Each structure stands twice: as structure tokens, then as C-alpha cells.
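The data blocks that follow each hold one structure.
What follows is a pair of complexes built around chain A, which joins chain B in one and chain C in the other.
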Partner chain A sequence: MTEADPQPGTRRSARTEILENRPVQLDGFVEEWPEVGMIAMESPYDPDPSIRVEDGRIVEMDGRERADFDFIDQFIADYAIDVGSAEEAMALDAAEIAHRIVDPGVARADVLALTRGLTPAKLLRVVESMNVVEIMMAMQKMRARRTPANQAHSTSARDNPVQVVADAAEAALRGFAELETTLGVVRYAPLVAIALQIGAQTGRGGVITQCALEEATELALGMRGITAYAETISVYGTEAVFTDGDDTPWSKSFLASAYASRGIKMRFTSGTGAEVQMGDADGKSMLYLEIRCIQVAKGAGVQGLQNGSISCIAVPGSVPSGIRAVAAENLVASMLDLECASGNDQSFSHSPMRRTARTMPQLLPGTDFVVSGYSGVPNYDNMFAGSNWDPEDYDDWNTIQRDLKVDGGLRHVAEKDILATRERAIRALQAVFAHLDLPEITDEEVEAGTYAHGSEELPRRDVREDLKAAQAVMDRGITGLDLVAALEKGGFRDIAENLLSVLRQRVSGDLLQTSAILDHQLQVLSAVNDANDYAGPGTGYRPSGERWEEMKKLRHVISAENPEKEVE
Partner chain B sequence: MAETDDQELDPRTDYPLGTHRPDLVRTPTGKRLEDLTIEAVVSGELAAEDLRIAPETLLMQAQIAEGVGRRQLAENFRRAAEMAPMPDERVLEVYNALRPSASTKQQLLDLADELENEFAAERNAALIREAAEVYERRDLLLAEN
Partner chain C sequence: MVQDQSTDRTLDLREGGEAARGDREDEVVLGLSPAFGAFFTQTISHVPLVEVLREVMAGAEEQGVELRVVRVKNTADLAKIAHGAARLAGSGIGIGILSRGTSMIHQKDLAKLSSLELFPQAPLLDLETFRAIGSNAAQYARGESPEPVPVRNDYLSRPRYQAKAALLHLKETEFVEPSGGIVELEVSISRARAS
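For the complex of A and B:
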């Protein structure tokens, strides 16, 4: 800003005036300050990699003796790192390891055999030796599931279940494999989570849903079968911040198993910038601390991780090489054989160009979930404080897929089909609410919700009555099965079947494996039966056949048969 | 608790269990996947307890995870198998007890013993005992009164 302070009477460049008014000037940029951790990577204060193993135990790691390990060091040394292969792997040059990760000719399994023996500082050096193109090449090979997918948010500024159900249905129809919601008013959670679940199963049976809440509350909701998976189980890269978040790697490991014990899929969440944002980065770089988080996740035995800075994206976004660091953290998760739900889910920039650029390192190679919260509602309704993508970007997203022949999980859907599914979803929720004696959803709300873009276009609900009802849902012990019965009785048999299929997955536990989703036939697709086999040109996942034909469709495409018309 | 070593599972042919080996899958209440129908929901035959995972199934998924080289994931599933029979409230209690400054060392050790005695939860007990040691070393225990 100071560069532009002109002396009175000095003539200004017309071009500067234009540039000063560009949206990117509204973003925040800071100089690196490594001492407090305001540095993305390549910090002089990050430790040098080292390891010493004695009697099958790591006794020194990255410059620290075991007696001085904090709880993150101890957990990583004892649970995450494969002690048997550590010394040999650590002896290799970081750039040599990076070569093998990037080189399509080196098999993914061979890379994993190496990375499992590396310490946080070594993993950092490995990715520091890669530029962003190399990171993307590596991601193409290292992502766990062969087929990329995508995740959306469906929330409401008014926690309005009518909005949530309709936008969940639309998002599911457009191609998202997972849906997430959260609340403005926590007590609304049961109704909103029910709406999300029903909307998902209306749009496309098999889409799985989560409700982001405080840890114990989220587990309680999952146990009832109202949600199908959990994600916002956070881990942090310094001991101080981890305990500030009221957890330890041990409590989180127990929590992870608690979900599995109920047959519920889950992943942890972490991200660069969290520690410096929460006031204690221990003088380390953002990426170094994030790598510790990734290894905590690995050690805990969770199947996957949501990372890519997530809600802290403005922090790496403010420093040099921040977005490269974010791409690197997604890669490290994949390099450690974890499912990666790769961010792109938080507003961080006023510049549409920057918002798009930030997503390319995940979209172009593909990740398990390219966006771990594409807002399915306009950003003013997004209760995660706004996503990098929202429904006004749908057509741009689909166009980019078509331009580059890259599968970002979505497709264009005709308006009439969107309206039909939105209406049906609200009708289904209306029937369920009626059957369960919850506050009425009126026909006026059905119509408004069908055609609405956001909560501003919906009639206000009686919030007090809704909150009483939400409490009643918990007190009465209403479960997913009750929703199935209510849907069936309401005449929505197919939606009931879809929901029952999702609940049935708990029994077999197939959804617990790495990168598991349900496909359009309600069959489990995971890193086990859809393993990434990318090995260079002509190999791995490439959109083709029906899927590529689907990706070619946009809102307005001129017909080849008759250039006076558009393709239907 | 007996480990399910009866079945040698091959991730390539046996997974997903629900599709390829439904013969091996039972709910904790003894029902098969094919019993979990809409009709059974409507008739009241199916209850929430029927839509849970059995310890044996978790051990099979642990085998699958092990078979594709994911040993920590397998260990997670083995801990989960011990926890499957625990009531929901108990699980939440234990989780909350493991949070920083939530328990004294003795409380954690007693908790480990309880889970071991009541649920044969050896792996979870070991995790809790280890937590007690680490929390003591890192000053994360509830102060003794």
C-alpha cells in the first residue's frame, strides 16, 4: 500500500490505478517471519533429518533424543514410522527419494516401502526438492483411490432443513460422493443432519454424509445412524496447540477406533497454518508441522486425512510458496498411503484467478476428494465461513473439466432434473417430519425451496419449535432406521432403500477401508478394489466412455447436427 | 477374545465382504445382510442394534487391511473390535477420560484394568496405560487432590 502513496500533484500511472483496484489487492500478504512460524516451508529453523534406532526402537529423531520427545514425537516414532526400514530409507538422499516418487516408472508400492521409514524432517526435505509440477505428477501416482471424487457442503445461514435437504439432493445429483453440513446453532444439528441424509439419498443413493460438530457430539450422532461418516476430527502439529484443542494423539486414536467400532467411516483433519494461527508454531515452518500431523494420522491408523490447510488457508496463502506447500501437504498424505480429502474448501481470496489457480494442483492430477467442501449453497449460506467454490461456479467447474479432460467428479445437469430432485427431496423430508411428529414443512416451503438459490428466498421457520423438535429427536432416540421407516411409510420407497443400503454398510465394514465411497450402483469403491495403478502415459484413471460423454455436456453447446440449435 | 484366524481372506477376491463374502458377515445379533430389508424395518423386526458391526467382521477387515499393507489401519480395526460390544455411553466416557487434564494417572490405570476385565480389551488397555505414562511425562494429567 505504501508504494502507491503519491506526492500531491504527482501524476499517477493509469495502469497502476487499474491494478490497485484489482480484487487481488484485497487479499492479505505478509513477509516471512520464520521465528514465529510465518513461513510455509524451507525454514532455517526446521530440524535436519536424522534417526537412530536401538533394539528395534527409535531413540533419536530429527535432532531430538527420546527423553526429550514431546508426545507428537513419541507417537510418530512408535506408531507411524516403520522402524525396520527406517535406517535404510533415511540414508537415501531426499532428492533421490523425490525422484522415485515423481517418476511414473517407479511403482506406488515401491514408493510406500520407502516413505514408511521416513521422519517428518526427511519427508519435508523430500517434498521441498519438488516444484509444483513435480508435486502434481507425484500426486497422480500416489493418490490412494484410482477414481477421483469430490465433496460438497450443504448448510444454511438459518440452519433451515428445507434448504439443506434441497441443496444436498442437487449436490448429490451433480456428482458429489460425500456431503458435509454444520450448524450456526448447534442445537439444530439433529434436524439438519436428517435433512442432509435424506437429501443425499434423494439425489443419488449412496452419497455419504457427515455433520461437523464437537468431537463427542459428532460421534453420538454417527452412532444413531443419522450421519454416515466423520471428518472434522482434528490433529495438530505442536503439543501446545494439540492440548489446547483438548486432545492428544492417544485420545484421537481411541476416538478413531470408536468410529470403526460402529462401522462408521472417518478421517482426521489437519492443515498448514493451524499452529501459527492458534499461537504456537514452536518456530517451525507450516509444512513441517503439518507433516507431523499427517504422521500422527498415519500412526493412529485412520484411513485418511482432510488437509490442504483447510480453514487456515489464508495463512499459507499470505506467504511465499504457500499454495505450493498446500499441494505438498496433500501429496505427503498420499505418500503415506492415506486417503486425502484435499482442501479447496475455504474462501481465502477475492481474486477469481487466484481461487482457480489454488485448486489446480489437486484438480489436475486428481485426489481422493478434490474439494473437501465445495459449497453446494451460496457462500452467504455457507456455515464453514465460505468455501473456495460455490454453486455460482458450477458451470465454470464443468467447463474446466471439459476444457482439460480432467475428471473433477461433477457433471452438468439440466434444470428440469435439478428442480425435480430438489422438490422430491423436500417432499421426502416433509413426509418424514410429518411421520415423526416434527414441525411441519409447508407446501409453500416446498415450492420456495425447489426454486431457491439461497436462504433469503425461503420462508422463515419457527426456530423455537424446530429446536424443541431437535431435542426431541435426541431424547426419543430417533435413529437412521426410523428415517427409513418414515420414508417408506411416506411413499418414498427408493429413498428408503438407498438409506438402508448406506446403513447396511456399517455391518460389513467395507466402507472402513482406505478411500472408500459408494458408487452409483451402491457398491463400495475403495483403494482396495480400485487401487491407483498410474504408471505414466496411457495408464491409470482417464475419463472415457460414458463419463467423458457426460463431461462434454454444458449448459449451452451448439449442436453439430443443427447449428441453429443447442444440444439438449 | 479369539482372533478370527479361521478365514484366510484375500483382498483381491474377498473384498468388499458385503458383495463377495456375505456368507461371512453377521450382525452382532446374528442376522445376515440379506435379512436387513425394508420389510424387516417396517415390521419392527430390525432394530438399531442390528445395524452395527460385529467384532468378528472388524477382525476380517483388519485382515484385509493387513493384506494390502496397511498395518496401522489393521491395528485400529483390532482396537475397534474390542470396543464393538461396549455401550455407546461407555465409549464416550473413555474418550473423554483420555483428553488432556481429564484424569489422574490412577484413574487411567484403573480404566485400563476395567476395560481389560470387562471386555477383554487388551489393546485398548495398553493404549490407555501408555497414555498414562506419556501424560505424566508431559504434565497432562488431572492434578491429584
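For the complex of A and C:
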């Protein structure tokens, strides 16, 4: 299967044969080509840091005069950099800034006072001076929310709402704080978004949901309260790629304010590799361009960013130090006080060892969302094109958490509880569909969906009827409140109350705080009331009490009391 | 002249003058990217480009529709290539193919970033798919609504091919001639002499 097969007649060693057949050989690796931006970081073509401020305005940044700024430079200089602290912060040596970031003795707030005055090239130099362990040390301190969390994908290759409601319920029960979906056939979105919301509130009240779509529909579903947050608002690091999508930093900021005006949580998305993948990297490294994206997010005033290469992960993953660059981009988001949903969310490697190693820089220090998201459905059903983690890895994930005593946000749940929750979620959706006069969910589907692993095991739905009904949901103006009423009338009062509590957040606006999630009591947990206070050994978030007891549970643990039995 | 190891056919592409708009109502135009058959000889997954071209042409031919081949020299953007081809076609139907295999069927009145059919995962495109692309484009040209060619999906094709696709795109971009326009191509495919 390799591309460089030996000459015919050449004898190969038996060991080479074995190595040639290892899964890692199926991954793609390429040589660096810095002139066109095919380099992760440490490129000779990235600009040197510089800044000049006149009359409270940045007139030169990273070797470029204001007259020569592109629109990203201009946006960053005018909105992302704190002009008041810029000259003092920029005067410090990059390695000195890195020391302060890594040093647990320097408070997070003191680091933020510095980083808000740095230019893209300077931020790049700061993280380039760190090795991957230092990046993790820094992330442990700089993450915005004290308690780490996790996010799942809940999609279906057939866009089957029955599958989505059951898998969303299971994912919520297993511990994910956010769930997102997207579609194969976009017109299915309203039904699948309803299923996702009801599944989430069945599994664990307060789990928030989003549906990734083109921007207008995504916003419309949010405004109706069918979803509770948004994340797929992409920004790019070169003007050419930005305008290719008919966008500018200003148009993205306008969209961000539309969400904020309705109390809907949102974050931007970006990642290393996107620009070079599009052939418009302007000869700059992937990490330099991503830092520009992170500062665009900061300048737009959004609370957070999903980054970590995301859908381009195989690009940084193919070049030297690429996965270090990905860890560094997560860190820069946290260094700028943004919520960081840190990737690990796309199929990355054929090698289970590389898949696991790639996630360690986020899992070990903890991030706001370690995986964004973890596929809550088998990868063949993953309509985000496959994740680095899927349900077949659940027990491995739980074991790694237990081995290392790190909190990756998940827990082992007994099969009977999972089955009960899946069934109840489908029953709730069945009642809601019946109440709203949407196509029937049969008892056969309830049964199949309860026990299924993926969409292959579910009865086929009448897609044409479903699509008509999906359109009707939009035409009839159905909102989150209609779902609350339908749940209540269907006898699912607790689920109705959970959903109503999530909708109430739209009015209070507390989900707009940085890194906000809802805890088990449906109270907001954010960087405001759960600020990261890491200050060295013995401080910050550490699994303890009930949570640690929960993390000790696995599918098979031999009982100490009676070694002939397993712990229940 | 380009010859690939894994086929005994050779492809000879001769550039002519600026491509004109056709007036045959059932004509489809196939737009090739700047380095197709010029620098590159095979797709991202080693399908010989001579065979790709043969299959697309055969697919159109079996529907009784004429396929005119042009070279789009001024862009490596698939949507622009396919849309440019569609605007030249008497039927308004165009096909665009990049050297790495990524393909699109376009219609001249659609928005450039839209398409009739898009085949984004180049590594999964085999000869059968290329024939079907030619056939479907021909059917659109005749005013029919064919079943879209089934699109395959493999979530592990990204780790294997994404970076190579980026390199291939960068290399293709080096062959773009911004003022080169779109030119007619004379295609001749012949069997190589036995050695």
C-alpha cells in the first residue's frame, strides 16, 4: 500500500514488511515547503514582531505600515490589541513572556495584562519558544473555565431523528456538556435539531445544543430556541481566503452580534492549515495565520473560539511539529482569554497510537472543551466527516481518565441506564412529533433505536414525508416553547422543565459569559463564577469527591471485597 | 506528450486558440485545469489522466452528445473552471476536472459556488465514476434530470490524502496563467508502440 514500492527483485527485510503494514503507513506525510506556507511554525518567512503607536493608534505592526495593512491587520490593530499596554508588552523578550505564562507563580490575570498588548508575530514567537510540555503547563493555567468539559457530535448518515434523539440522550448521560449536529440533506435540519434538543434534555438537563448549517438557517434555529448555541462561524487568516467566502471580519462580527442580541451563546471557528489547503497562505506559516484568526475572534468580541486545526487536521498533521503547532494554537486562544473548544474532532490518523497522542496536549492540562466534538455516533454516521474519537472508544477514554486522574468530562454508565434513557428519549420525541402533527415514530423504531449502534440498524423513514414536515416546522413558526408544551402534554414534564430552563438563559444572558455551560443544577458555570485559579501543585481543578468516585468506575473492575465478582 | 506507467495509452493535448462559445444546443464543454496532462499524469490516487479523459468522453458519447474539451489556464479553482466551461457550452452544461481528480458538473445560469453535481473526494473517484460524470452531463445537456452519480464517502481518506491534496493544489496553482484565458484543446489518445 505504499507509494514507494521497492524495485522488483529487491529483497526486503521481514521487519520492513511488518512496518510497511502498520496503520501509520496509511497516513499522509509531506515535506515542508515554507515558500507557499506548507510549514506548521518556525518559518523563515513569518514577519518579525514590531509595533509603533502614535496618538493612541497602531501605525505599524509586525513590520508593516498602516497604509499597507490588509483588512485582517487593520481589524486586529483597531479592535484586538490593547493599545494602552502594547508598547510595554511588546518591549519584553518573547522568551520572558513565555516564562511568565508557564510559571505557576505568575497569576493568570497578570499574564492576560501582557498578552492583550501583543501582535500576531509576537504571540507566535512566544509560543514558538515553548516545547509541548510547556504548552501543556501553560494551558493548565490559562484555560478560562476552572472545570474542563467535553462536547459530542450527534449526527446520522440518514439524518434519522430517531437515531439522533437516542444518541444525544446517551451522550448527555455520559457527561458531554455540549452536543452538536449537522446534516447530510440540509432540509432535514429542523427535525434533527428538535431531536438533538429533546435527546439532550432527556439525558441530562442543561446540556446545550447546536446545529451546524449555512449561517442564516443556523441563526434562525437559534432565534427560535430550537438550538441553544452556535459554533460554525468560520474566520480565516488571509484576506484572499476570507473574501473567497464573501466575508470580512466586520461581516462576521455583525453575525456575532445577532446571536448576542438574542442571548444565544456563540463562538467562532478557525484552525491551522485552512489557508494553505485553499492555496492562499501568502507564504506564511500555518500557526502565524491561525494566530491572526484568534485575534480576529478577540477583536470581534465573541467569547470563544473552536480551534485546533479542525477540518484541516491532516495538513498540520502531515508536516514536522504540526501537532505541537495545533497545541500552541489552542493555547493562544486561552492566552487571549477566549473559551477554547480544542478540536480533536476530525478523523486524523489510521494509527490508534497517533490518535491518542494527538489528544494528550488537550486532555492532560484540560481545556474548556477537550474534544469539540467527540463523535457520539459511529464514525460512519458522522456527518462532520468523522471524528478522532467515537463511541467504540468510550471505554478507552474512561480508562485513560482513571489511569492518569485527568478529567475528560465523561463517565461510565451502566447499560441498563443507557437503554432506559435512550428509550425514554425516543418516546419523548414520539410524543412531540405526534403532538405537533409531524410524521409518526413507530414503536418498532423506538425498539430499534434503543438498542442500535448506528443508523444501519434502524428502520428506514419516509424521507419525503419527513422533509415536508421539516419545511412545515419552519413555515408554522414552531419554537422551543412549542417543544416545551408538547413535552408537557405528552407526559414528559421533567424534560419540558429542563428545556424551559435552557430557554430562560436566553433572557438572563448568562450563557454569553466566557466558557459558559450549564451544570447538573442547570446553573451557569463560566469563567466568571468558576474562574481558573491554577497556581501550581495542589491548586486549580483536580478531580475529587463524587466526581473522582464516578471516574473510578469502568465496565469491568474486580471487587476487592469478593474477587470472584466485579464491582457493580 | 505524457505517458503514465500504468496504462499503455498516451495522451497528447494540443492547445489551440481562444475557446469560443458553442452554438450546438446539445454540446457539453469539459474544462481541464492548467496542469492536467501538462505536468500531472495521474489523479491523487494514481488513476491515469488519459483514462480519466477517455471515460468522461465515452460517457458523453454513449448518450450521443458531443463533448468539446478546453483548457482553463487562468484559474485552478474548480468552480470557476466548471462554470467557465458551462458558459462556453451551447447547452450551458460544463464539466470541470482538476488534475488531482476533483470534479464538478455545472450549469451556466447557476451561481458560481453552486453546481449541479460536485465530486469533492478525489481519492474515491474511479473510472466508473468518471464515465458516469460524462454521461450525466450529457443527459443534463439534453434537458433530462438524471439520478445524481452516487457520491462515496470515507472518513479515513482525510488522514491519507488531505496534505497531498494541498500540495497538488499548490503545484497546480503554479501553472495558472492569469491572462491565459480559456483555449481550445485538441485531444488525441493513442496506444503506445510495443517496446
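FYI, the second predicted complex is superposed on the first by the 558 of 568 C-alpha atoms of A that agree within 3 Å, B and C clash if a C-alpha of one lies under 4 Å from a C-alpha of the other, contacts with A are read in each partner's own complex, and residues count from 1 in each chain.
The criterion applied here is as follows: a residue touches a chain if its C-beta (ideal position, glycine included) is under 8 Å from a C-beta of that chain, and two chains touch if they have at least 3 such contacts.
Please read these numbers as outputs of a predicted model, since none were measured by experiment.
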Superposition on chain A - do chain B and chain C clash or fit: fit
Contacts of A:G509 with chain B and chain C, given as first, second, both or neither: first
Inter-chain angle, chain B to chain C through the CA centre of chain A, in degrees rounded to a multiple of 10: 100
Contacts of A:D27 with chain B and chain C, given as first, second, both or neither: second
First (chain B), second (chain C), both or neither touched by A:A109: first
Touched partner set for A:A328, first chain B, second chain C, both or neither: neither
Chain A residues touched - chain C or chain B, whichever exceeds: B
Contacts of A:M551 with chain B and chain C, given as first, second, both or neither: neither
Partner chain in contact with A:R224 - chain B first, chain C second, else both or neither: first
Which superposed partner A:A485 touches (first chain B, second chain C, both, neither): first
After superposition on chain A, the shortest CA separation from chain B to chain C (Å): 14
Set intersection of chain A contacts, chain C complex versus chain B complex: none
Contacting residues of chain A [partner chain B, same complex]: 70-71, 74, 79-80, 109, 112, 215-216, 219-220, 223-225, 239, 243, 246-248, 250-251, 253-263, 298-303, 337, 479-481, 484-485, 488-489, 493, 496-497, 500, 503-510, 512-514, 523-524, 526-529, 531
Partner chain C, residues of chain A touching it in the complex: 26-30, 33, 36, 38, 273, 276-277, 279, 312-315, 317-319, 346-350, 379-380, 382, 385-386
List of chain C residues in touch with chain A within their complex: 76, 153, 155-156, 158-167, 169-170, 173
Chain B - residues contacting chain A, complex: 11, 15-19, 22, 25, 27, 33, 36-38, 41-42, 46-48, 50-54, 57-58, 60-61, 64-65, 68-70, 72-77, 79-84, 86, 88, 91-92, 94-96, 98-100, 124, 127-128, 130-131, 134-135, 138, 140
